[in-house]
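Note that the chains are named A, B, C, D, E and F in the order they appear, and that numbering of residues resets to 1 at the start of each chain.
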Amino acid sequence: MATLGLVEYADAPPEVRAVYDDIMATRKTDWINNFWKALAHDPATLRRTWESIKQIMAPGALDPLTKEMIYLAVSATNQCGYCIASHTAAARKAGMSDAMFAELMAVVGMANETNRLVSGYQVEIDERFRV
Amino acid sequence: MATLGLVEYADAPPEVRAVYDDIMATRKTDWINNFWKALAHDPATLRRTWESIKQIMAPGALDPLTKEMIYLAVSATNQCGYCIASHTAAARKAGMSDAMFAELMAVVGMANETNRLVSGYQVEIDERFRV
Amino acid sequence: MATLGLVEYADAPPEVRAVYDDIMATRKTDWINNFWKALAHDPATLRRTWESIKQIMAPGALDPLTKEMIYLAVSATNQCGYCIASHTAAARKAGMSDAMFAELMAVVGMANETNRLVSGYQVEIDERFRV
Amino acid sequence: MATLGLVEYADAPPEVRAVYDDIMATRKTDWINNFWKALAHDPATLRRTWESIKQIMAPGALDPLTKEMIYLAVSATNQCGYCIASHTAAARKAGMSDAMFAELMAVVGMANETNRLVSGYQVEIDERFRV
Amino acid sequence: MATLGLVEYADAPPEVRAVYDDIMATRKTDWINNFWKALAHDPATLRRTWESIKQIMAPGALDPLTKEMIYLAVSATNQCGYCIASHTAAARKAGMSDAMFAELMAVVGMANETNRLVSGYQVEIDERFRV
Amino acid sequence: MATLGLVEYADAPPEVRAVYDDIMATRKTDWINNFWKALAHDPATLRRTWESIKQIMAPGALDPLTKEMIYLAVSATNQCGYCIASHTAAARKAGMSDAMFAELMAVVGMANETNRLVSGYQVEIDERFRV
């Protein structure tokens, strides 16, 4: 259960607790999921990863639901079981309905198909698409 | 330039022209990009792929811009040069601004990073995430 | 043009020439493609890789054409441009027709699509499929 | 057990039952595997995916066994556990022996190795391989 | 539990036992892990794979610990659960500390992130980097 | 040449110049490569990515050369042309010899092969490897 084990709040050093507290406050929850407890063995990576995610997933030009669905699309493409489970939960919390999930997966499947058709057929980039 | 070459409209058999015509009408353009011209050597795959994309990318629970950005997120994850170029163009046409592109890429990059941290640390799925 | 450059026959040391000679004799050709010329900077890897491929691609329970098409299917899935180009040529030489290529790509595309649908929907293995 | 759960035949709406019936008739079996039961929450994707697979996997320029082995080769490359299990079963049903499976895996392994050697050494495509 | 089952030492034919014996002698252990027991159904692949690994992982210009960490970096990138577990064990045995593991994973995560940023932004190779 | 173009130093706003200056000072060079010039359209991502890389690639439990080789191993596995070119240059600058490069690639190739053999054969994790 995680290479280095999981660091529970009660056993965490102050710099880890500070990140845990910020995760719970930002997400308005009283719970820390295993990913952070596994990373906590490396407090520098824990902090850097959390600060990056907090910055990236905040509302901006894209809304949080769209961002969570993009995160899920990447995780499904990479077939990361944990990531699919956790980001499906996060996307639902942000408002993803069953119908939206189904359409998201249809796009992900199709993109993975045509990505390989393009490569297999050795299709060259059209002049109009060149930047 | 494409394994089997590109089928231009002038040289295309009727069943291929019918698909080309539908692509141009649906996309409100007078132009066919290389992907379809390469697939046209296999009219059954050309028709099936176009009908699938037409169905999947139509407005539904998700709007066309969100779908194009998801397509682009998958293509960037798979590092498919042609697909990134063509779907960046399609997403821009659907309304993606430079700021939206930049946030999309930030999410794609982060998801690809944490997908591997999760795997490398062998993180087990939390009970709360199990379906 | 290759990280360490290409080793031409005329400049190759005896242990590299011996591999080149065996490649040309086995493939009944008078030509060495760039992959081997790039690997030749590491004669141990050159020999090991060639001996492995020679053993694996020889006729056995599967015929050479089927093996070349499987090689191409993997290369298209991985989107390796060089490998797609070289194994398309090899598969054609072994008898792959345009129609066979088109069906091969259709299967590769579909498999890449359903692989992600399975992951995204978190489908559990059926009891009947368990080994 | 699947993000949206599994739709059993007894609980399925008519358009889903129609697809299930066609799957069982086409495959000459009285059983539906979990993949279809998971997709059934999205009847449009269920139908499209089944119709595509039915068309693609039918005998053509390639026989069904070769197609199943290509499907398995892609699934092993993508490391999709469910897909490997289900397509190993399908390939066996279509006639794949233990010896054929072993040779298939040897080719898949080797292709994945050389795909990366090619990229890592930055090998340029030979003029003779250019289309 | 492995497609073709696991071949235990007691049931193994002489050519398989010879490889098992060499694995145990080389690794100074009295134990064979499941990977080899699964491959043993194909003695030619078992021998070839073992001989290749033995040659590649031996001390050379790179020390065995560095090689094991590279193996682990690839396995984490590919998200191969078995490979991550077995090569984490091997790297630890070769001297990888918890701190080294954490830094290794940080690099793996970052590389996976920037690989996609590069592709998504369609960054062209700098003249100075061209070989 | 990069989706949003490249931001040259002369045209860069102060917050971008500050990052460019730090990159050049840290790397003891007077040159900025295209990756950073492309990211510069999104100063927040530019800064975050640079700060992360600077922290991760600094000497720690692993030396800089080992870290660059791990970065290159991941990039070769993902087949990212730009990343392979730039990190081969960085690894050489950090001391990677031709022999080290060749051994690195041999390990990368082998790991990519066995990762798929493990998946294809559906090998279960040994009890001894479970954490």
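One rule holds for everything that comes next: a residue touches a chain if its C-beta (ideal position, glycine included) is under 8 Å from a C-beta of that chain, and two chains touch if they have at least 3 such contacts.
Every value quoted in this text rests on a predicted model; they were computed, and no experiment measured them.
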Subject >> Contacts common to chain A and chain C (chain labels) >> reply: B, D, E, F
**OP:** Note the shortest touch-path length, in steps, from chain B to chain E.
**Re:** 1
Original post:
Counting only C-alpha atoms to place each centre, which chain is farthest from chain A?
Top reply: C
Original post:
Between D-F and C-D, which chain pair is linked by more C-beta pairs in contact?
Top reply: C-D
Original post:
Farthest chain from chain B, comparing Cα centres?
Top reply: E
Original post:
At what distance in angstrom does the C-alpha mean of chain F lie from that of chain C?
Top reply: 27
**OP:** Averaging only over C-alpha atoms, locate the centres of chain C and chain E and give their separation in whole Å.
**Re:** 21
Original post:
Residues of chain A that touch two or more other chains: which are they?
Top reply: 1-4, 44-45, 49, 52, 77-81, 85, 88, 99, 102-106, 108-110, 112-115, 117, 119-122, 131
**OP:** Make each chain a node and each touching pair an edge, then name the shape: line, ring, star, complete, other.
**Re:** complete
Original post:
Which residues, counting only chain E, touch chain F once they are in their complex?
Top reply: 1-4, 31, 33-35, 38-39, 45, 49, 52-53, 56-57, 60-62, 66-67, 69-71, 73-75, 77-78, 80-83, 85-89, 97, 99-100, 102-104, 106-108, 110-115, 117-126, 128-131
Original post:
So in the complex, which bits of chain B are touching chain F?
Top reply: 79, 88, 98-99, 101-103, 105-106, 109, 122
Subject >> Residues of chain E defined as touching chain B within the complex >> reply: 72, 76-77, 79, 81, 84-85, 88, 104-105, 108-110, 112-117, 119-122
Original post:
For chain C, which residues are in contact with chain E within the complex?
Top reply: 1-3, 5, 44, 48, 52, 55, 131
Original post:
How about chain D: which of its residues touch chain A in the complex?
Top reply: 3-4, 41-42, 45, 49, 78-80, 131
